[in-house]
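All chains are identified by letter, namely A, B, C and D, in their written order; residue positions are counted from 1 within each chain.
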Amino acid sequence: MARFSEVPGRYQVRDLALAESGRHQIRLAEHEMPGLMALRTELGPSRPLAGARITGSLHMTVQTAVLIETLVALGADVRWASCNIFSTQDEAAAAVVVGPRGTPDDPSGPAVFAWKGETLAEYWECTLQALLWPDGGPTLLLDDGGDATLLVHQGVRHEAAGAVPATPPVGDPEHSEEHAVVLDLLRRSLADDPQRWTRVAAGVVGVSEETTTGVHRLYQLADAGDLLFPAINVNDSVTKSKFDNRYGIRHSLPDGLNRATDVLIGGKVAFVVGYGDVGKGAAEALRGQGARVVVAEVDPICALQAAMDGYQVARLDDVVDQVDFVVTCTGNRGVVTVEHLAALKDKAVVGNIGHFDNEIDMAGLAAYPGVRRTELKPQVHEWTFPADPATGRAERSVIVLSEGRLLNLGNATGHPSFVMSTSFANQVIAQVELFTRQGSYDRHVHRLPKVLDEKVARLHLDALGVGLTRLTKDQALYLGIDVDGPYKPEHYRY
Amino acid sequence: MARFSEVPGRYQVRDLALAESGRHQIRLAEHEMPGLMALRTELGPSRPLAGARITGSLHMTVQTAVLIETLVALGADVRWASCNIFSTQDEAAAAVVVGPRGTPDDPSGPAVFAWKGETLAEYWECTLQALLWPDGGPTLLLDDGGDATLLVHQGVRHEAAGAVPATPPVGDPEHSEEHAVVLDLLRRSLADDPQRWTRVAAGVVGVSEETTTGVHRLYQLADAGDLLFPAINVNDSVTKSKFDNRYGIRHSLPDGLNRATDVLIGGKVAFVVGYGDVGKGAAEALRGQGARVVVAEVDPICALQAAMDGYQVARLDDVVDQVDFVVTCTGNRGVVTVEHLAALKDKAVVGNIGHFDNEIDMAGLAAYPGVRRTELKPQVHEWTFPADPATGRAERSVIVLSEGRLLNLGNATGHPSFVMSTSFANQVIAQVELFTRQGSYDRHVHRLPKVLDEKVARLHLDALGVGLTRLTKDQALYLGIDVDGPYKPEHYRY
Amino acid sequence: MARFSEVPGRYQVRDLALAESGRHQIRLAEHEMPGLMALRTELGPSRPLAGARITGSLHMTVQTAVLIETLVALGADVRWASCNIFSTQDEAAAAVVVGPRGTPDDPSGPAVFAWKGETLAEYWECTLQALLWPDGGPTLLLDDGGDATLLVHQGVRHEAAGAVPATPPVGDPEHSEEHAVVLDLLRRSLADDPQRWTRVAAGVVGVSEETTTGVHRLYQLADAGDLLFPAINVNDSVTKSKFDNRYGIRHSLPDGLNRATDVLIGGKVAFVVGYGDVGKGAAEALRGQGARVVVAEVDPICALQAAMDGYQVARLDDVVDQVDFVVTCTGNRGVVTVEHLAALKDKAVVGNIGHFDNEIDMAGLAAYPGVRRTELKPQVHEWTFPADPATGRAERSVIVLSEGRLLNLGNATGHPSFVMSTSFANQVIAQVELFTRQGSYDRHVHRLPKVLDEKVARLHLDALGVGLTRLTKDQALYLGIDVDGPYKPEHYRY
Amino acid sequence: MARFSEVPGRYQVRDLALAESGRHQIRLAEHEMPGLMALRTELGPSRPLAGARITGSLHMTVQTAVLIETLVALGADVRWASCNIFSTQDEAAAAVVVGPRGTPDDPSGPAVFAWKGETLAEYWECTLQALLWPDGGPTLLLDDGGDATLLVHQGVRHEAAGAVPATPPVGDPEHSEEHAVVLDLLRRSLADDPQRWTRVAAGVVGVSEETTTGVHRLYQLADAGDLLFPAINVNDSVTKSKFDNRYGIRHSLPDGLNRATDVLIGGKVAFVVGYGDVGKGAAEALRGQGARVVVAEVDPICALQAAMDGYQVARLDDVVDQVDFVVTCTGNRGVVTVEHLAALKDKAVVGNIGHFDNEIDMAGLAAYPGVRRTELKPQVHEWTFPADPATGRAERSVIVLSEGRLLNLGNATGHPSFVMSTSFANQVIAQVELFTRQGSYDRHVHRLPKVLDEKVARLHLDALGVGLTRLTKDQALYLGIDVDGPYKPEHYRY
């Protein structure tokens, strides 16, 4: 088997022969993504994205395939990379490249650069490929976590400075393997074309960002006055953050744990770090499987919510030796330290479903004296801490999923289609807004108006058999709102 | 038994002899209201409300007694009325008037005008009494539903016009019994003192409002440019709307249903109208008791949430003949019509836990041809629809709670202390803000800053044994926030 | 107000004027008790209990009133006492005595001897009155906890011995206040009529017993060969123990806690002692209200069930200082000791929903040095432990419900009608079996055949809108069972 | 790749090279199976099964590998087949054959004949191989579903008759493909050795049976007087039926659905056929994922339980067009007919988690005019019903899992280790009982004594951190039981 199906600059995926299997899954996913399909029906004929060049950096799954093909149906030209080294479903990537009407021998779909199990260097090279058209850069970015946006912004900054700074040496607190890879890539780029990113940035009319972490970065850029183009914060649409983050995790967390380990969840102690939307979904899923859930929080409001929802709220330090499962849901770094890992129950399962792989201190774990790593199967590793004769403590091990990266994507197939349909309908609407209403959005971070949020919800009701009640005119008048919405003030929290 | 314990202008309650029982309950409630007690400890010594005259219009319960005595501990002079004709706990009202150190023969507490079972005329007279000091009006309003604010604003408007408009006649769609009472009161007031409300309004430095309905009115006033003083929207503090509205209802809804009817909830079909915070708490409580919950919604986002939470979402029309319990949670009017009432299962139980008594069409019910009303016990009435020989339909009845007013207050004792402690801590903080920072708030509707919201949460953690995790400095830096909060962006939804 | 409405030997209740209110509640309860009403329809015409004299010893609630009137509708003559000093609903007792067609001035219903708040001496005198007809004793006993059965058996034993033994002195481990009362009563009886109980026992053709504790006593009597007449164990019908014990408690436990204390359950730590059917219902109810539930068990199977259902399982000693609520559900004695009570969180709420008042060591509590008892309201007492200067421990208190007796009956109104309809339909069927099939049951403890258990269930399906699937003949053949049941082997556990 | 790793008569599995991966999983499973490991520790030294030859017919999973190696550790000689054509985990089968101390080149473990995806003919040949030692038959059977027992009993019957009856022709209601395979096998056997099964049966000292369906067959044999050796009903140990059946399904049902389809469960309508222990676990799991669960039942007691647990109870016919998922949990046949399948929502997912593949009418489906079967991936098939021009009905399809066989085993890896540890600890104890106490059990179906059931539970408490409360002597005396159990009467239902 060749390592890849690849045409340089055109696509690079695992194997185009997987396309048929991927197409079956896409077809089923379309049935589960009524929001995207309704947008194709509504907007397809007018092709509002005709002329748009979209670079996507978002987990290359079956659901993303339906998103990509929706963007294409609306007229866009698309290039895509995944935003996580483990999250690509190779059959989906293949099917997108082949396209609904192409064949593996004559692929006619968009350009995809993604496979499951990339190295960090490969990952960033794929991101680069997705950003560069043969004759220029993208009009729009569609980002998840902000890596495409980051590459453009860092490229521009270094081009302005005329130099890429030196990589901090290993051991320096600023050093990270990934940071080093990015600096190398930009150093080569600068040598190759000292204005590449400046030109790319100038052509971008906006970015729509999928997730908490990427949005956080965007607000930091905007606050500093450094944001180079308008951004739409899709994450904070209600139909994104309150659906994908919560209900998606509720589905895909136990799915990931089960596929990875087959360990019974019921009756066990599951420790959930963070009680935001993701943590809420995680806790609900684990309780629904009969686990006793303990939650950690830094925010007193979320902590109080967790308590009122019936969960014990504790610091990991205080209960670490009772814990069977640890799931991180924070977007923060170092929430599970190597000391925690060493103190957990023997064979505890540890995974991250937040965002980056620094939630669990994987670097610290790898550096722990005498620790031993055994691959049980891909994306499932047993890390064994040596016995300590001094304390009489026996050898013990923990099972770490997806090397500390998103376990629902690394160990399972990510969120199910239906919940991604709400997220991705927001993405499509955001892309159309940015492209068709250029000039209406300034270089800040914007959210979609509530009425579009409500529209996304509305597109998903029939599939669930929901009978929506309609306000009478009298009632609408009494409430001082329109019969067709928006129904709530902006600050409403749902 | 005398009808009332009363000293005109000083207090009017059911019976001061109830004070001892009320004091016991207040003492226990203090234990359950750590937020208020912490504010007494923190702010009591500096007496930030010294010189403030506070008129409260808020359910005169045991919990409100702890609120009132906290305001007094911070230096305020207080007068109080209830904001619902059924919601007063007479022993709490008595205990407040008597005061912690007074006796029924020598009461030394604040002025209270409230008893369980007021008529509408009595209700508004009590509100009037609470607004009028022997020598003027209040500095601050503390409102729940906005009736005190309404009286001041309507008074000012009619004084400006020089006349109170005629009461719309019975049968006119604008007519309501309550509206007529208010117009009468203002008519007498205008005759008595044509500048009373204009002077009162001029003395008010602000109002803090407790609930959705009152806030809605405030935004309407502010949007029209008619708001006469600054307002703080306490309802939309997270620690209010996401706690009191949800967790308070979760507790007090089944409590009210049980005390009213003793009817098994498990196995029954419970129909919840509205899936906002109140509806979410109601649905959770009913499911927790084993009911099968069906939800109605007009907002597609909330409807989709209900579906994703596992509830059937349907229009009441479509399932009305399967329904054993109906609970309205909307703040809207006419959500249960008399046609619905007539079509429910025989002996279905119907109650409102939203706000006003027009959620269920009580007027339409009373006007239904041949309907018969039987008082089963106070606040529990069976309404019997006559048999219909034409259709062969047998006589059937529904049980209506609290005459369509808030069932948790009318049939039980309202929200429990702990959850009111989060709400009322926000109220106290809002009152202190309005009074000590006069000039900082303009004539609009304001929300408390997030850091104060987080403070309220923090005051309630120890009582629940919550172990809060603390950010490291590195983590705070990584997240770009302060170690001590605020932890979330303003738009965060919890 | 006279202390009682009373005609010696005919009835003794609180006040016959309460009958109208009681009748309303009975009418509503009839709607909720489809099993009993169906039995009236099915069996009423043939009057299978004509000639039967039934003595009932069972909580004199509204639901029991429907049971009593069902027995009467089937032809029986009935006398009744409650089986708990606090569990009578005085309006139900009055309504039964008055009867559906009588008036308070001309009562025409069965003889009832019961009121809320009996002393122990009054309680046993009522039991005696219920057992003695003007001209003899009962044909049938209908018992709950076995007190009527106990009185007959002890009476017979002492009559055989010719003497009642001396009462163990206070301080003797065998001494209990209740035991002393019973011995006194029997001593007087023996003096009065040395063969009374021997004659009574000879006339009894059987007893049907309602609850775990009474059944346990019956098996002990039968195993010792001392059972004087046949017994039917109603408690272990599936439609009793798996419904009343579980779903009844799920309803009435939070109801009792709420009416007693108004303390928020959500977010608190609730400790449930025992995870049998009652404990399972208790834990579900508390979790449904957002409490964090911790369970104690002695049986490893039930302990493992609790763990698998997601509850922490711990000894009370190990977590006592974190506990806000303690609920005992064991049928065992001394499961909460005075040491536990003294170690709970300040103002913890403690109640028993198992059976006897010795689950919580009330005697030990009363004897605790320096302890202080304050009545907050009837059936709600604060017990304050003095400060201990030696340890620096501050004064603290616990709230004890119903003096350690069943809190759902003492603080609320017991189980709701619907669930009692399943229990009581079993009782009626058992009484009919014992009376019409005398000779078929020997002097042991029997259970009703499964097909009657299934019948009881079947009578309750329509009211809940259940659409039962019917086996095809082929399916029944395949399974080797009859289309109409029974559907399961005897050992099936449901 | 060779089709199999195989040594005739010694083993036949997919690939011995999978043994290393299987051994990793076995090692992790041992950690999760404290019951089996404790029995190795307790009983291993005395080797109570020395001399026993055990034939197992039970899903050849990782957990079964730990069971097999426990039996070996207790001295037994073992041969094994799976009891389902899809349920083998090939790496587990390989690891067992290789043995903990063997290598793929020099396997030293027990004989296994099993692989994932057997044909029916292969399946029964494997069963035959497991039953025949080079020099005779087994001493003990360990059965799941009763196929090994069936083969022995049918063999004996036909040998007694001297002939195997003719296979009913296709189209005959008695015909089934599987029945035909068994008759062929026995026909060959009879030709080969006319006394084989008579000799085998004579050597069997007993069988322990794992599951409802097999137990049902055993009771039928015993009732007819045809049971050839004693049987222990392991299924009805509490620690089996109330754990494996319920909590195992709770885990493995969503796991199977997710791996098969990736379709969101939340918000969907899931129809659960049967509300026994398996159905209860299924409904809990689906609700825990946010589905709206509708239950079908034939038994009114179970139907009433489902209603009281808050589920809608309906016939499939009445709601079929609203259903997104159907899961059969009955042990009955034909509970989902082809008419149901054709009437479901488009792309509904249908699977069986009961026992045999006739719960869903797969034969009827295959025979439906114009139906089309598409393999989406192994064990996941889309069946497309043609459009019907007559009614205007569009083409629609359903997704059928594992060809109607157990989806948790066919689409996932079956129950997790921990819950199988309780089941399999019962199996080991049953095998030891049958072998060491030959003569104590007659030719009927027996259950293990309660104290052994409690022992199995006890062995699993520490792993879950359960703190078991211990009765005091006084309490045990009061309850009339032993401090060490058994704690409940035989009829107790848990």
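What we mean here is this: a contact is a pair of C-beta atoms (placed from the backbone, for glycine too) under 8 Å apart; a residue touches a chain by one contact, two chains touch by 3 or more.
A quick note: this is a predicted structure, and the numbers were derived from the prediction, not measured.
Taken together, chain B and chain C share the touching chains A, D.
Common neighbours of chain C and chain D, by the contact definition above: A, B.
These two copies of the sequence, chain B and chain D, are related by a rotation of 180 degrees on CA atoms, to the nearest 5. Set against the Cα centre of chain B, the chain with the most distant centre is D. Averaged C-alpha coordinates give centres for chain A and chain C that are 57 Å from one another. For the pair chain A and chain D, the distance between mean C-alpha positions equals 39 Å. Among all residues of chain B, those that touch two or more other chains are 247, 266-267, 287, 290, 304, 307-308, 464-465. Taken as a graph of touching chains, this assembly is fully connected, with contact between every pair of chains. For chain A in complex with chain D, the touching residues are 21, 24-25, 28-29, 31-32, 62, 247, 250-251, 254-255, 258-259, 261-269, 284-285, 287-290, 322, 346-347, 374, 376-377, 382, 399, 412-413, 416-419, 464-465. Residues 216, 219-220, 236, 238-239, 241-243, 247, 277, 296-308, 313-316, 318, 331-335, 422, 447, 453-455, 457-458, 460-461, 464-472, 474-475, 478-480, 485, 487-489, 491-494 of chain B touch chain A in their complex.
For chain C in complex with chain A, the residues that touch the partner chain are 266-267, 287, 290-293, 304, 307-312.
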